[in-house]
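Lettered A, B, C and D in written order, each chain numbered from 1.
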Amino acid sequence: MSKLAAVVGIGQTRYKTRRGDVSIAGLVREAAANALEDAGLGWDDVEAVIIGKAPDMFEGVVMPECYLSDALGCNGKPMLRVHTAGSVGGSTALVAASHVQSGSFRRVLTVTFEKQSESNAMWALSTPQPFSVHLNAGAGGYFAPIIREYMRRSGAPYDVGLKVAVKDRLHGARNPLAHLQLPHITMQEVEESMMLWDPLRFLEACPSSDGACAMVIADEELATRSPKPPAWIRGGAMRSEPTMYAGRDEVNPRAGRDCAADVYRQAGITDPRRDLDCAEVYVPFSWYEPMWLENLGFAAEGEGWKLTMAGATSLDEGGDIPWNCSGGVLSSNPIGASGMIRFAEAARQVRGDAGAHQVPGARLALGHAYGGGAQFFAMWVVGADKP
Amino acid sequence: MSAADILSRDFELGFTYTRSTGPVVGRFLTDLRERRIVGNRASDGRVIVPPMEYDPVTAEALTDFVQVAECGAIVSWCWVTQPRAAHPLDEPFAWAMIRLDGADVPLIHCVAAGAETELATGARVRAVWAEQTRGFISDIRYFELVQGAS
Amino acid sequence: MQELAVVAFSQSDCLARAGAANEVELIMPQLQAVYAQVGIRNAQDVDFVCSGSCDYLQGAAFAFVAGVDALGAVPPIKESHVEMDAAWALYEAVLKIRMGQAESALLYGFSRSSSGDLPMVLSQQLDPYYLAPLWVDSISLAALQARLLLEAGLASEQDMAEVVVRSRRNARDNPHARLRGDLSIEALLAEDMFVSPLRRADCAPVADGAAAMIICTVARAREWGVPYAVLSGIDHRIETHNLGMRDLTDSPSTRLAARAAGVAEGPVEVAELYAPFSHQEIILARALELGPDTRVNPSGGVLAGNLMMASGLSRVGEVFRRIVAGDARRGVAHATSGPCLQHNLVAVLESAS
Amino acid sequence: MSDAEHAVTGIECPVYLQYHFTAGRAPARFLTRIREGVLTGQRCPRCSNVYIPPRGSCPACGVPTEEEVVLPDKATVQSFTVVAIPIPNNPIEPPFVVANLVLDGANIAFIHLISECDNSAVHIGQRVQAVWKPREEWGYAMDNIRYFRPLDEPDVPVEQIGRLSVSGWEG
């Protein structure tokens, strides 16, 4: 039976197009130091470090954790490097949690980062290879057809994506760490922004950011003694399926549905919309909000967009199930860290520590990450109450 | 299966990365451009060259910069008989750990020498600067022996 | 704490070049082999899967994603990946089982490191401002370490040659080895230097391939009715990236990991050490405090063939094979990562009885 | 100027590595055949689904695939996007249509271009056929097919996409 574990410290950097003031180590360090400070701890209090990021080609450093051991106070300790594509931030948090939940460690530090400004994200995500049998059309080239298929199936009106783009940016404007600060954004502005991959417009896609996110995860006793309220890990799950297989539902991937069912079962959630107070869900393209609302069981199939349009996911509109109050991936996207930011922001909510984007009285929250061709999923549920 | 068994081709995976250095690495490279070498002092008092951002023992951020000499002694070395294309020198050369005067921790750089027999641990070396320095590790083109193997 | 068992292991031949086989084609035979050893169908029949690989060895982002195509991951599976040797995938799986989220796990590691120039690829593991731009290759760094060891009087060229001779001799019984045979120390010492003070034979030959393993709870191993070795301890530690600040003649991180894994809590009959350079075996054997009774690298070790990203897992597998064969009752496996033994993992395996 | 204005804050690091890439057995077989103008998939021995381009395994079943299936060059649009921005390493000028296409007789889509039509007329279920480059330009590459162009055939109902036989869609 797994031991209890809780998030006792959270640290992030400010997310920006380019953090030109720090080295790679400096960036990662900033988040880690912030997390330790939040937990009221020093470097010696950490027993192991679990680090995650997306492909090494982003920074052009092979297995950069080797070089980062000093910046993270890791010498003489275990360090593990996770890489599960875009879901890595979430997977890394789960692997970190397993260090404590297994009873093997009492307190660990976990950090994820991306310093995308060191290269070109589109290049790093699909480096050229001879004999490539797939046409390279960028990440949007992969996801836009799936979004189009969702629109066809659900009959959703064309402006659902516009609404999400505005909603998440308005959320982001409440979060001083968010990369995009667009407090006056309108649906018209989104609609008039450049079309990238039809039906995806520029303002419906995530930015490319530098940034890092860190958490300190502790066992039951240490968490109870922690100076700030802990976010108790009530469940964690991962699922993977192949990128392509005959009959795969790319719009509503089974890996996501199964992962959600697993984490809800662990957390005792039967109706996510009712039982959860908020969610931080990996939405890099606006249309993925309605798609994931259905995939994660917040709405019936084909109905997700109705929640979005009704304002149910909007903090500003007083929705009953606010999604991505931090501004989400649409407001900040250091790829390797983006998943962990979701997990950490869920934890901030239940700790009552989310500042201007706090959901009043949040007690139970979902953190979600996905990666690859929407084939790798990682989720956790955190709560203010000890299970 | 037939001729299809092996279908292969050379290719290059490459990008010119734009690294931001942060203050510590930036300070070292700024000084290097002025043909000066700085290190910094670790929490145990040792002078580290090139300077480290964070102490390997205490993890504290390190700031106390110390200028060191451009000459020093070889702590260990190896002899590369067949330099690879990306290596900084085309002729056979040595990689060496070099403890610069005023430093406690050796740095790793290349040493140009005519032959392996000229090298020895303890040998004295001196930095040879690039004609045009730009704030890059290769502003030190290589180290040269100032007195042969003793 | 949950008692753990290693129940299956398979590795490919250490091929100088894997020819036409891509990642899936490298991995799949090893997966099929471990499934057969425990009598399961595919990855659906274990609770967790974790792999180890490195994008830069392959020369493409997301090298591990293709690996999922070898698993039969429909319906979706619980799966994760470390950008490390698969020995660390084993570590992640151990935690998963200890926390009660799995009773069994499949691990695999793979690479086609012959695709690139490995020592130069690994030079980009170094700090990106001071060393990586100089392209200090991994063999040269190991040579700097070797000279420190030699000049400190902690080993001789003869000692290093003995390591190589024993590796080649032991590898005669290892069908997967790339280099095997009878060599004399004199002949070896007469060979030219490669990167002085290292000769070519002191350096592990690069090999393409894959390895796979299945671990589980002891209860599950009994259920499956297969022979198993108990994984009684596992730990890993990292050191500073600044080579100038490390004592390169010792491996303090291996010492720490060995203590935490409980190496000294019983006799070590066999040890499989991931030493890509001959002098590193000497450093590791000392750090693990192995005595004269320990058979070191009976497989030949990685000097006989180095499957990058799988060699660490293979060391565990080699000890497992000897224990279930009754050749040893207790053994130690070691894996390494980073330049000059920066990061080390130690596992202890024991016979079930 | 002060020292601060002079300080080095960034460097350019060229990281260029040379590799020797091998296509893999199944992809190499596919590429060898497409060099002859033949589209060859592989059938899974367990679930019977046909994969093209083949990877040497059925990702769903996790078993090696061996049996080769020659497929026609007619396909159905499963979905698509109009790419409006230039893509690194892709020489095609935007805007262009990238579609997930399923060849007749195949059970999986691949990505290719659609042309010879108004971009706004492309739709899910549309029938298309390959337009090949001149034979003398054929190499070991999927772009021996320059693009797909619309066919004057009735649309395929969505639930039938990816389930057609090699003989195609009769409407």
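One rule holds in what follows: a residue touches a chain if its C-beta (ideal position, glycine included) is under 8 Å from a C-beta of that chain, and two chains touch if they have at least 3 such contacts.
Keep in mind that what you see is a predicted model, and the values were worked out from it rather than measured.
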More contacts between chains, C-D or A-C: A-C
Chain of greatest Cα-centre distance to chain D: B
Averaged-CA centre spacing for the pair chain D and chain A, given as whole angstrom: 30
Centre-of-Cα separation between chain D and chain C, whole angstrom: 38
Intercentroid distance (Cα basis), chain D paired with chain B, Å: 46
For chain A, residues contacting two or more additional chains: 20-21, 23-24, 57, 59-60, 70, 75, 120, 123-124, 126-131, 242-243, 245
Chain C, residues touching no fewer than two other chains: 19-20, 56, 59-60, 68-69, 71, 73-74, 117, 120-121, 124, 128-129, 132-133, 240, 242
Two or more partner chains touched - positions in chain D: 9-11, 13, 15, 17-23, 25, 27-28, 31, 58-60, 140
Contacting residues of chain A [partner chain C, same complex]: 1-3, 23-24, 55-57, 59-64, 66-70, 74-85, 91, 95, 98-99, 101-104, 124-127, 129, 237-243, 245, 248, 253-255, 258-259, 372, 375-377
Chain D contact footprint on chain A (complex, rising order): 20-21, 60, 120, 122-123, 126, 128-131, 133-138, 140-142, 144-146, 148-149, 152, 194-200, 242-247
In the complex with chain D, residue positions of chain B that touch it: 1-21, 26-27, 29-30, 33, 86, 135-136
Chain C residues within the chain D interface of the complex: 18-25, 28, 31, 42-43, 56, 59, 66, 68-74, 112, 114-117, 120-121, 124, 128-129, 132-133
Contact footprint of chain A on chain B as seen in their complex: 7, 9, 11, 13, 15, 17-25, 52-61
